[in-house]
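Note that chain A is present in both complexes that follow, paired respectively with chain B and with chain C.
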Partner chain A sequence: MSMIPTPVIADNNPYRARYLANQKMKPRNAFERVAWQFMRYSGLALVFLALSHWGLQHLINSVHDLTLDATISRWGIAGQTATLEIWFWRAYYAVLLGLAMMHGLNGLRQVLYDYFHYRPLYWGFMVLSTVLIVFVSVAGLAVLLLGVNAAATGAAVVR
Partner chain B sequence: MKVHFKIKRFNPEKDKKSYWGEYDVEAEESDRVLDALQTVKWEIDGTLNFRRSCAHGICGSDAMRINGRNSLACKLLIRDAVQGGKIVVEPILGLPVIKDLIVDMEPFFAHYRAVMPYLINDTEPGERERLQSPEERARFDDSTKCILCACCTTSCPSFWVRGDYVGPAAIVQAHRFIFDSRDQGAAKRLDVLGEPEGVWRCRTVFNCSEVCPRDIQVTQAIGEVKAALITGRID
Partner chain C sequence: MGTLLTILRESLRYKGREAQWLWLFHRVSGLGILFYLLIHVFDMSLAYFNVPIHEEMIALFKTPLFSVLELAMAALLIYHAVNGVRVAILDLRPELWVHQQKVTRLSLMVTAILTAPTVVIMLIYTFNANFGHVATAITH
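Our next item is the complex of A and B:
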């Protein structure tokens, strides 16, 4: 019975060197890769953001107190100087809104890409959904950053 | 035991639409589904068409959808397939049906060719051969087991809705060479798999790993290719 020697790859072996060089690769098409990574990271972040929002609304605060006043206490009133606490909640909800909208839009893009093989139809629905999602995001951000217009909504308590 | 077979039939020369052919077959529990199909063809209805070559789970030509699940007819036993005395057999999904259980595999093999499933190495192999340590060989051992039966690709919902998705089988084949220390074509293959119709169409449904008759961890292989694309490293 002959002994089979354990293969040893010498450092100066030409294909070994090329292999090591191949280990630093820059993939060409970045968009789908970035979109895929975004879905993972934003999805993970949304689990915590959405759960903490739910916990805040339903466990810490009572369901019966989900009023405009409760919202104003976190988002502030238009025209009034916002406290640091209000800025914290504004940032929290801006991140929640932004991530949710972008995560949703990218998911929708994938579904449309899968099922609408006729390009003009795909692009038509893409433009429509992008416009809708941008509108909702901008409207939400405007309320968040400018504060709630309490007079217009007729809130019971204006602090 | 008596097994009632419901087989999807289609003859493009005669039929406008596919229909169900129903056959009662006397079979042993330990028989394979392929044996029963052969009984149908040889003793009941000679017009039934299906592919099979080696009949021992190696050539991968008799992949079909048996009771809603892709499988090799030559590897699946009657007792494991039968549900309420019935076995439903259909051609694999997502590829054009030529006749009965025979599908056109060309779109599948076009994706296979796209990932360059051969060793790429321009350098001289040296005195004897290109050496590789057992660890380096073990790195891609799982993906060498693929027999190109198309069970995985045709069980993938992403492939069903969009046939231009390269599909799990082609990714497994690319994985086999990308992680081979003797190969130098990883960057080229990752370029192909990084395209919109490449690995990113995978939604981690796990159907592929579930049905692979060779028990390849297909979803894991796809995940490793995704990781290679993200990090730019193959280790």
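Our next item is the complex of A and C:
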């Protein structure tokens, strides 16, 4: 039989008592668990969303074909009623935008947490980058929902 | 600055071998993609808020310098996607951990296999956009 003696966990073991006390006192860190799961599942979703967007814009089409008209055909013109097709593109880009920004913000949080051990510096960078990312995301969502501002081009085309 | 050098040196010296380097490059590529994402979404949002600057930025993205950056972006994105699938699947299915070493190399191979044709296709587009008139002049 086994030569290794089995450790006896006595009820009066002070370490075990402290461990059990900690278990009761500390709430389980739900945020980190949810963030960990979110990174995996949003990452898998983004493989399809981001790579399909990349393939569409850089392999099937190319950046050299990108015109304002091409953008209008997907996002519509501000002030005009959007077709079902335009709403499909808007939804696709909104999901891609939201997931990518949240995935990126959490990834940045992990990197900053690892390398900025001086917590005020970590929090400073976190607040700055969160404000920046939220600002850019809201601007991106706005253009998706409103459409291209064709009136500002000077040559407004009615489609 | 000294801290930054320590981070870089220790990240490379840590004897995690291939998996460690993939982890490091996953971080670097992720930060690069986030940086690009912010510029890209800001630029596209100007299609509502300031169309002339939006069009100027799009014109800038068509210049040869940005075509080179675009190739780098493609490689970063494909690597981050392929390696991310590896991380996600292994993390969510612990019974697959016995295959870690094989899958590590597989992720690099799949990245190379997907990146090579992408780079070729994008180079053809860039060539046509910059020198297309030369090729047309020769063939006609």
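Going forward, the second predicted complex is superposed on the first by the 119 of 159 C-alpha atoms of A that agree within 3 Å, B and C clash if a C-alpha of one lies under 4 Å from a C-alpha of the other, contacts with A are read in each partner's own complex, and residues count from 1 in each chain.
Assume a residue touches a chain if its C-beta (ideal position, glycine included) is under 8 Å from a C-beta of that chain, and two chains touch if they have at least 3 such contacts.
Everything quoted here is computed from the prediction, not taken from an experiment.
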First, second, both or neither for A:Asn106, with chain B first and chain C second: neither
Chain A: partner with more touched residues, chain B or chain C: C
First, second, both or neither for A:Arg33, with chain B first and chain C second: first
Partner chain in contact with A:Gln57 - chain B first, chain C second, else both or neither: neither
Which of chain B and chain C A:Thr71 touches, first, second, both or neither: second
Partner chain(s) touched by A:Tyr115 [first = chain B, second = chain C, both, neither]: both
Chain B versus chain C as contact partner of A:Gln80, first or second or both or neither: neither
Contacts on chain A seen with chain B and repeated with chain C across the two complexes: 115
Complex interface listing, chain A residues touching chain B: 6-9, 13-16, 18-19, 22-29, 31-33, 35-37, 110, 113-115, 117
Residues of chain A that touch chain C when the two form their complex: 40-41, 43-44, 46-47, 50-51, 54, 58-59, 62-64, 66, 68, 71, 75, 78, 97, 100-101, 104, 107-108, 111, 115, 132-133, 136-137, 139-140, 142-143, 146-150, 152-153
Interfacial residue positions of chain C with respect to chain A in the complex: 3, 7, 27, 30-31, 33-34, 37-38, 41-42, 44-52, 54-55, 58, 61-62, 66-67, 70, 74, 77-78, 81, 84-85, 87-88, 91-92, 118, 121-122, 125-126, 128-129
Complex contacts: residues of chain B adjacent to chain A: 121, 123-126, 130-134, 136, 158, 161-162, 181-184, 186-187, 190-191, 194-196, 198, 200, 203, 226, 228-230, 232-235
